[in-house]
Every structure is written in C-alpha cells, then in structure tokens.
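Each structure below appears as structure tokens.
Shared chain: subunit A. Partners: subunit B in the first complex, subunit C in the second.
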Partner chain A sequence: MENVIEIIGIEKYIYLSIILFCIGVFGILFRRNAIIMFMCIEIMLNSANMLLVAFSTYHQDAQGQVFVFFTMAVAAAEVAVGLAILVTIYRNIGSIDIDKLKNLKG
Partner chain B sequence: MIDILFYILSTITLGSAALTLLSKNPIHSALWLVVSFFSLAGHYILLNSQFLGMVHIMVYSGAIMILMLFTIMLMNLNISNEVQKPFVTKLVATVAFCLMGLIILSVVMRGTEIYELQYTTHGKDFQSVQVLGQVLLNDYVLPFEMVAVLLLLAMIGAVLISKKDKTEKTA
Partner chain C sequence: MDTNVILLLLLVPLLGALLNICFGKKLGNGSGIIATLAVLVSFIVTVIAFFQVNTTKQPIQSDLFEWMAFANFKVSFGFLLDQLSLLWLLFVTGIGTLIHWYSTSYMKGDENYGKFFGYLNLFVFFMIVLVTGSNLLITFIGWEGVGLCSYLLIGFWHKNQSYNDAAKKAFIVNRIGDLGFLVGVFILAFLFQSVDYMTIKESLMHGTNHQINTWIGVAALALFIGAVGKSAQIPLYTWLPDAMAGPTPVSALIHAATMVTAGIFLITRLNFVFDLAPQIQNIIAIVGAVTSLFAASIGLVQNDIKKVLAYSTVSQLGLMFMAVGFGAYEIAVFHVITHAFFKACLFLGSGSVIHAMGGEQDMRKMGGLNKFMKATYATFLVATLAISGFPPFSGFFSKDEILMTAFHNNPALYIIGSLASIMTAFYMFRLLFLTFFRNFRGTQEQKNHLHESPASMTIPLWILGILSVVGGVISLPGNSWLNNYLQPIILNNAANNHHAFGTIEYVLMAVAVIGALIGFGMAYSKYIKKGDIPQEDEQITGFHKVLYNKYYVDEIYMKIIVKPIYALGTFFRDVVEVALSETIFGLGKIVDGLSLQGKKAQNGNIGLYLFAFVFGVCIILYYLFIAS
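Coming up: the complex of A and B.
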C-alpha cells in the first residue's frame, strides 16, 4: 500500500500542525469577539487531530485514528455547550465582547 | 505529484486559518473556517484515512459550522461593530505568536529526532473502515459508549443553559 509519509515525511506534518496551533493561539490573543475565539479553539483542536492522524499513519496503527474520532465527539459537545453559554451571555449583557465580562473582578 | 498536492493543501489550510481570525465580519470568519476544515479533510484523505476525512467533513463542516453560523445570525453580529483591541495588545499578541512559533519549531527542529530516517511500511491494511470499526468496537467499546453518554449530556446541557427563564420574565 502506498504511504504518503514515505513521500512527504513526518516532519513536514509536524511543522504544519505547529504553525496551525500557533495561528489558533494568536487568534485567542488578538481578537475579543468570543465566537472568533471559539473558532480559534477549533483550529487548535484540529491541528492536534492532524498530528495524531499523521503519526497514526507513520506508525501504521489504527488506534491514533480512534483517538481522533473521540476528540471530534468531545469537540462537538464542547461547541454545543459553549455556544449555548454565549447565547445566554448575549441575552444578559447585550454583547459577546469578552472584555465586558468583568463581574468577577474584585 | 503528492508532494505538490500537500503543499497546495497546506497553503490553503494556513491561509484560510489566518483569514479566519483576521477578517472583520464574523460570517466571513465562519466561511473561511469552513475552507480550512475542508482542506484538513483533504489532508486526512491524502494520509489515506478515508473514514476520518468523511467524519471530519460531516462533523466540522456540517454540524459545527451550522451551529456557529446560526449563533452569529442569532446575535445579529453581521454588522461589524466590534470594538478593536488597543494597538499595544495587538502588538504583544503578534510578538507572542512569533515567539511561540519560533520556540516550538526550533525545539522540534534542533531536538533529538523522534522519527527514523529509514522508514519502511509493513504493507498491511490498518486504516480502512473495516479495521477501524474492529478496533473501535473491540478494544474501545467502553469509551465509545461513554462518548454517546457525553453527547447526550451536552445536548441536555445546551438546551438547559440556553432556555429562557420563565419566572424572571413574568416578574
């Protein structure tokens, strides 16, 4: 069976997923819209997923892909609950600017 | 050929991920995120894991993006009236991004190599839907059922959190 890792090399996948993860971190620091921050969390989760799939192909073992499957389920649950929380915050405050959520500040 | 395909897909992934967080309109961000997810599915299919590619398209590009787009439209955010962060914060965010990328990349590049240079395949089938199903339902059957419970709990939780409080409304 043809293996892509032989042609491309695992290190390029490592670099790609590192850069993708850093883009996600950058978005968390750069924006103050809570929905965009959720999207950046998704980007970071996806970069980790992609590295898991690449290493699963590298080691030729199916268990890494099963892990990715579970991660996707957890991400879906997290997004559902998180967006529900955002809708409630929007209903109470009238915006989802995270700098306005200062109620716990002493 | 596969090399060129990998570079094109990587460029699309990184570019659309960057445009996700740089575009002013949240709906444009969501659409760029869809492009990024589709190219990641392309990466999965390039790695010959067809099952994960299909699941990725269905879960991310289908379910999660619909959820995000509906939330954006529900909050009426399509007018880009977002207050920007001050310039210093943006500068610090950019510097932190560059430093973090530099440090992790240099750790991976300069550290001990975690991969063998002489790489060989054993040629057995390990990632078709059949093999994945056997692994998932033999070795990982308990986590699989737990994921089902988790998704049910997330659904109940989302409904409960976003439900309108009736007592408060009448008062």
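Coming up: the complex of A and C.
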C-alpha cells in the first residue's frame, strides 16, 4: 500500500501548516476576544502538531508522534489554566475584551 | 632582659601619654607629675643601659617580632640601643624630664593642662622610637610621629587661627622632606634587599661597584632632603620660626633641643652611606654653611624674643650640617649635645621672661629684668656666653671644632661659618641687653606684675645652665671622650686621624674668641652705651627692612609655590571637576530621558505586546533563515 505522504506530497502538508499558523497569528493580532485568541493559539499549536506528524510519517520514525501526544497533554493543561484565568477576569471586570485589561501597565 | 629594657623605655612614656590624653581632665595637676615621672623612668633606664653599653661595648638589640616579609625582603620590628642612640636618648629623656618639670609650672591653669602633657609624653615616645629603631622603617615611624606631635603642640592654643596656620605650615613643609626620606628608604631597600642598618652596613663593607655608588648617591640626596625638612635647613626652614607659636617649653624641647636634630641623627646613623657620596656631602656642607649665615643675618634684627632664638636654632643646625658634610659626624653630634643644653636653657629662660611679662614677647617692651629675675638672668647669661662661643663654656669647644674642620676642608665655608658665629654673638647679646639691661620699657601694670618664676621653673634652668658651662668636657680637644665612644658607629672616623694639635689650631681658637668678642662689643656699644632700642616696624628702611622681613622668603614662597598650587586647585575645582561632573551627570540625564520615553511603550495594552512579540520573532526568523 502506498504511503499517504507520497500520494499527496510533503510540501502540501508544510503549506497547510504555514497557512494554519498564520491564521492563528493574525487571529491573535487582530481579534480582541480572549476566547477567540485562545482558539487561535490552539490553531497554531495544532499546525505545529500536524507538521510533526507529517514529518514523522515521512521519516518512518515514531518519535514525532510521541511529541505530539506530549504537546496535546500540555495544551490541555494550559487550556484548563487559561480558561480558569479568563473566568476570573470575567468575574472581575465583566468582560473578556483584552483591550480592557490594562493592569499590566508598567 | 634586653627586650624588657627596651619595652620599659618605650612603653612608659606611651602609657603616660595615653593616661594624660584619656583622663587628663580628671587627673588635674596630677597629669604633670605623671608625665614628668614617665620621662624620668625612661631617663633612668637610659642611664642604666648607657653604663652597660659603655662597659660591654656591645649594643643592646631586640627584635620584638617580624613586621612584614615579602620573598627575600624582611622587616623586623626591632630596636637597637647602641652608642649613638643611647647618646641621643640621654639628652632627649634628660632634657625632656627637666622640660616636663618646668612645664608643670609654666602651663599651670591652662584649660588643656592634661592634654598638653599627653602630647609631650607622646612626643618623647616617638622620639625614642626614632632614635632606637634598628631599621629605617622604625625610624620612619618615629620620624612621622614626632612630626605629628610637633603639629599638635604648635597648634596647641588652637583658638588662635594664626597658630593653626603655623602648625599646618610645619606639617606640610615637613611632608616635602618626608617624601625625600621615603624615596631614600626605597632606593636603599632596592639596593640591599633590606632596610636594617646593620645589614646595609655589612653589605657596604664588602665593597660596592660603580653603579651601586651612583644609586647610593641618589639615596643619600633623598635622605638629605628628609633631613633638611626635619632640621629646618634652606630651603625648607620656614616652618621653624613660625613653630614658635607653640608654648615655650615645646619650643625648647621639640624645636630646639631634640626633634630638629633628627636630621643630624639620621645622617650620622647612615654615615657609611653618606661617606660613599662625596658630592652629596659637599652639598650638605654648603647648604649647612649658607643656612647658618642666612638665618643668623635674619636673627640680627628680629624683635620677638622667641623668633631670635628660632633663627639662632636654624643657624646652629646649619653649623651642624656643615660638620656632617665634612664627614666629621662626631663633631656634629658634639654640637648637637652642647646646643641642646644651652638652647633649651635659653628657651626656658625666655619662657620664664614671657611668663613674668604676662605673655609679652616683644623685646622693645622689656628691659631691666635682671633686677627682678636674678636666677633667669644668671642662667640666660651663661647660656648666651655658651652659644656665643666664649671659652670655657660648652659652645666654644663644639663650635670651634666645627670651624676647625671647615678650615681644613674648605676655607670659604670656614669664613661663612665664622661670620655666622660673629652674628650669633651679636644677636644673642642684643637679646640679652634688650631684655635684662637698662630700664624697664613696658607698662606700669606689667612692671608691678614682674616676678621671679617658681622653683620648679628655675631649678631646670640652673641644671641646664650648669650643663651649658661644663658640657664641653665630653669632647675636649686632643683628648675626646666622645670620639672614642662613638668609634664603633662611625665607619670612617675622620676626627681620629685628626691633624696634630698645633699652632694653627690655637690661632683658629683665638680667631673664634676674637669673633665672639667683636659680636659682643658691637652689641654692647649699640645697646648699652648708646642705649638704642630697635625702631618701630614702620621706620625700618633699606637692607634692614629686607632682613626684618626675613628676606621676604615667605612672600616669595607664597608667590611661586603656594599661589600656583592654589590656582591649580581652583582650576581643578572650577574647570576639571565641573567638566567631569557635567559629563557623568549628562550621561545619566540621557539614560533618564530615554527610559522615560521607553516607559510610554509599556502601556499595558496586551494587543500591542503581542504585536511586538510577533514582530520580534519575525525579525529573528528573518535574520536566522533568510538574511544569512
């Protein structure tokens, strides 16, 4: 059976991953809703994950896929913490618009 | 045993000083007694040690501990009681005891009575360190210590600003000499890997080469500069006349009898070094002769009783340096000792006069005091005869030997020295006549106050007076006890291969006596027969005015040294320091301004932060992957 990478081609995976990453970056830069920004971060993470998996298959090496599992676990933990912070922020200022968060001012 | 002797000698005056400085106020009159006893103990120890060394001919030596050690250069904290240091100790502690005793009356009622005796004891301690040190660095400790005590005691009445200025002047002028001393020590340490007198002496006895001789010449010159500062020779003599601001016993002890002879001591101690530098010895002789004439000529016209004595001290020190310069160390030492006797007597006598006059020091307002102060007058007369060089008083023998040596070595300097001696006779008799003869010229109030000083002041005067008379016996011409005694110290004993005592010597003696008589006669005809009184300051004209104003040396120093240094200081303060501080503060201000601008970027806007973050990462990536 032919390898799925060889059928589609590794460069397509790379392009897709770049596109996903850029979507994430621009989402972060231009959206002001904290939840949306969170989702954008997840998109970026997943674009990286996909690249890892693609190369892992390409090299016939399972190490990359092991990494991905770790990334997912860490991301899940991060989401839990991040959402908890968001909830607290919402309770305090009644909004999750990051433009209203000016307490980090130096 | 030896260590105990040295410790006792050193620590008793130090203990006295500490007691008096710390508890002076509580001790009251007791502090004078404690101080006098402390010096007396040192004197007794010295006498015992002196007889021991004189019999055994072996110096007492003790290294207390190793002070510092680098590679092959070691300095031990050691003391040495040999013939030379014991001789110095005898008159430092002996005259010191008398002057301490005298001061118990002289300083009575002073608010800082205890402190005065504390400083005086401290001085004696440092002087003992100076003369007993077994290496140059210990001597240097004493050297600096006596300088400090001199400073403290000149400015003892510190409420008078001009006294403080005199103290500062003494200290600063001495610093110039001290620098010379240090340079000399460094050169000797470099040459011999040691600063110990014995080690240096032994290395030199094994012979030297030409290059070392050159460096020894430089070291000798540097050490001579140190001696010039301490012993008030041209060009560093100006501090000594001003040092008369201190209480009179201080002038007697420090600025006449002991401290100022430290320069002679140093050169005599290092005679084996100076003997290798004949050019430097020439310089020493010339400086000494010129100083003696120069200071004597200033002394001719001074009206302040202590100023006359101060210039006389400078002049006599000049004669001693002349002797040292001719390599006649034992003769210089002889004059140091006789000078210590009669000059201490003169200063204490003038102190007694000042005491009776209620602080008046101007001779124009004195006169006729012989009727009121018999003891002071008698001792003063004896000391005047001694310093003027009348036989058989002590000064005659020592001064005559110096002039004889000068005659054999350098007739030009002999003439200078003889002129200085004639001047000495003149100004000393002028002083005597103006103070003790004819009628009293002060106010009626002062006249009623006139009295002879108490016994505690006159007894030291009598003792010193007697010593001024008989002091000459220690080195009679032809059969000198002193020369034999000092033989182990002086390597090339010039006086021992002395010329036979013949006609020339008797002629020279006669010339010296005639010189003294001329000085006496001139003073007698001017101040007794004609009854002249020195003019008021404004009426002085011509060369007399130049002399009266001390050749304007202070003014010249002011113009060419002090003023430029002040100007340099002002320049550094107003230009260099301002420029530096502006630069530093300018840099600070730039950073401050930039950070204020930078602060605005941190406005707490998370969106902006994120943008900056992404932008930064992009730039890094660009440089990492694309630009390279």
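Following the convention adopted for this analysis, the second predicted complex is superposed on the first by the 104 of 106 C-alpha atoms of A that agree within 3 Å, B and C clash if a C-alpha of one lies under 4 Å from a C-alpha of the other, contacts with A are read in each partner's own complex, and residues count from 1 in each chain.
Criterion: a residue touches a chain if its C-beta (ideal position, glycine included) is under 8 Å from a C-beta of that chain, and two chains touch if they have at least 3 such contacts.
Just so it is clear, the model here is predicted, and its values are computed rather than measured.
**Student:** For A:Leu51, using the defined touch cut-off, is the partner it touches subunit B, subunit C, both, or neither? Pick first, second, both or neither.
**Tutor:** After superposing on A, A:Leu51 lies clear of both subunit B and subunit C.
**Student:** So in the superposed three-chain picture, is A:Arg32 touching just subunit B, just subunit C, both, or none of them (first/second/both/neither)?
**Tutor:** A:Arg32 sits against subunit B and subunit C alike.
**Student:** Which partner chains sit in contact with A:Ile19 here, subunit B, subunit C, both or neither? Use first/second/both/neither.
**Tutor:** After superposition on chain A, A:Ile19 lies in contact with subunit B alone.
**Student:** Please name the chain, subunit B or subunit C, that touches the greater number of residues in subunit A.
**Tutor:** Partner touching more subunit A residues in the overlay: B.
**Student:** Based on the superposed arrangement, let me know which partner A:Leu86 touches: subunit B (first), subunit C (second), both, or neither?
**Tutor:** Touch partner of A:Leu86: subunit B, not subunit C.
**Student:** Just to be sure I read the superposition right, which of the two partners does A:Lys102 touch: subunit B = first, subunit C = second, or both, or neither?
**Tutor:** A:Lys102 contacts subunit C only, not subunit B.
**Student:** Identify the overlap between the subunit B-contacting and the subunit C-contacting residues of subunit A.
**Tutor:** Comparing the two interfaces on subunit A, one with subunit B and one with subunit C, the shared residues are 25, 29, 32, 99.
**Student:** Which residues of subunit A touch subunit C once you look at their complex with the stated criterion?
**Tutor:** Contacts found on subunit A: 25, 28-29, 32, 98-99, 101-106.
**Student:** Which subunit A residues qualify as touching subunit B in the complex?
**Tutor:** Residue positions touching the partner: 1-8, 10-12, 14-16, 18-27, 29-33, 35-36, 38-40, 42-43, 46, 49-50, 53-54, 56-58, 60-63, 65-66, 68-70, 72-81, 83-88, 90-91, 96-97, 99.
**Student:** Note which residues of subunit C are touching subunit A in the complex, please.
**Tutor:** 599, 602-607, 609-611, 614
**Student:** So in the complex, which bits of subunit B are touching subunit A?
**Tutor:** Contact set of subunit B toward subunit A: 2-3, 6, 10, 13-14, 17-18, 20-21, 26, 29-30, 33, 36-37, 40, 43-44, 46-49, 51-52, 55-56, 59-60, 63-64, 67-68, 71-72, 74-75, 77, 82-85, 89-90, 92-94, 96-97, 100-101, 104-105, 108, 115, 119, 121-127, 131-132, 135-136, 139-140, 143, 147, 150-151, 153-155, 157-159, 161-162, 164.
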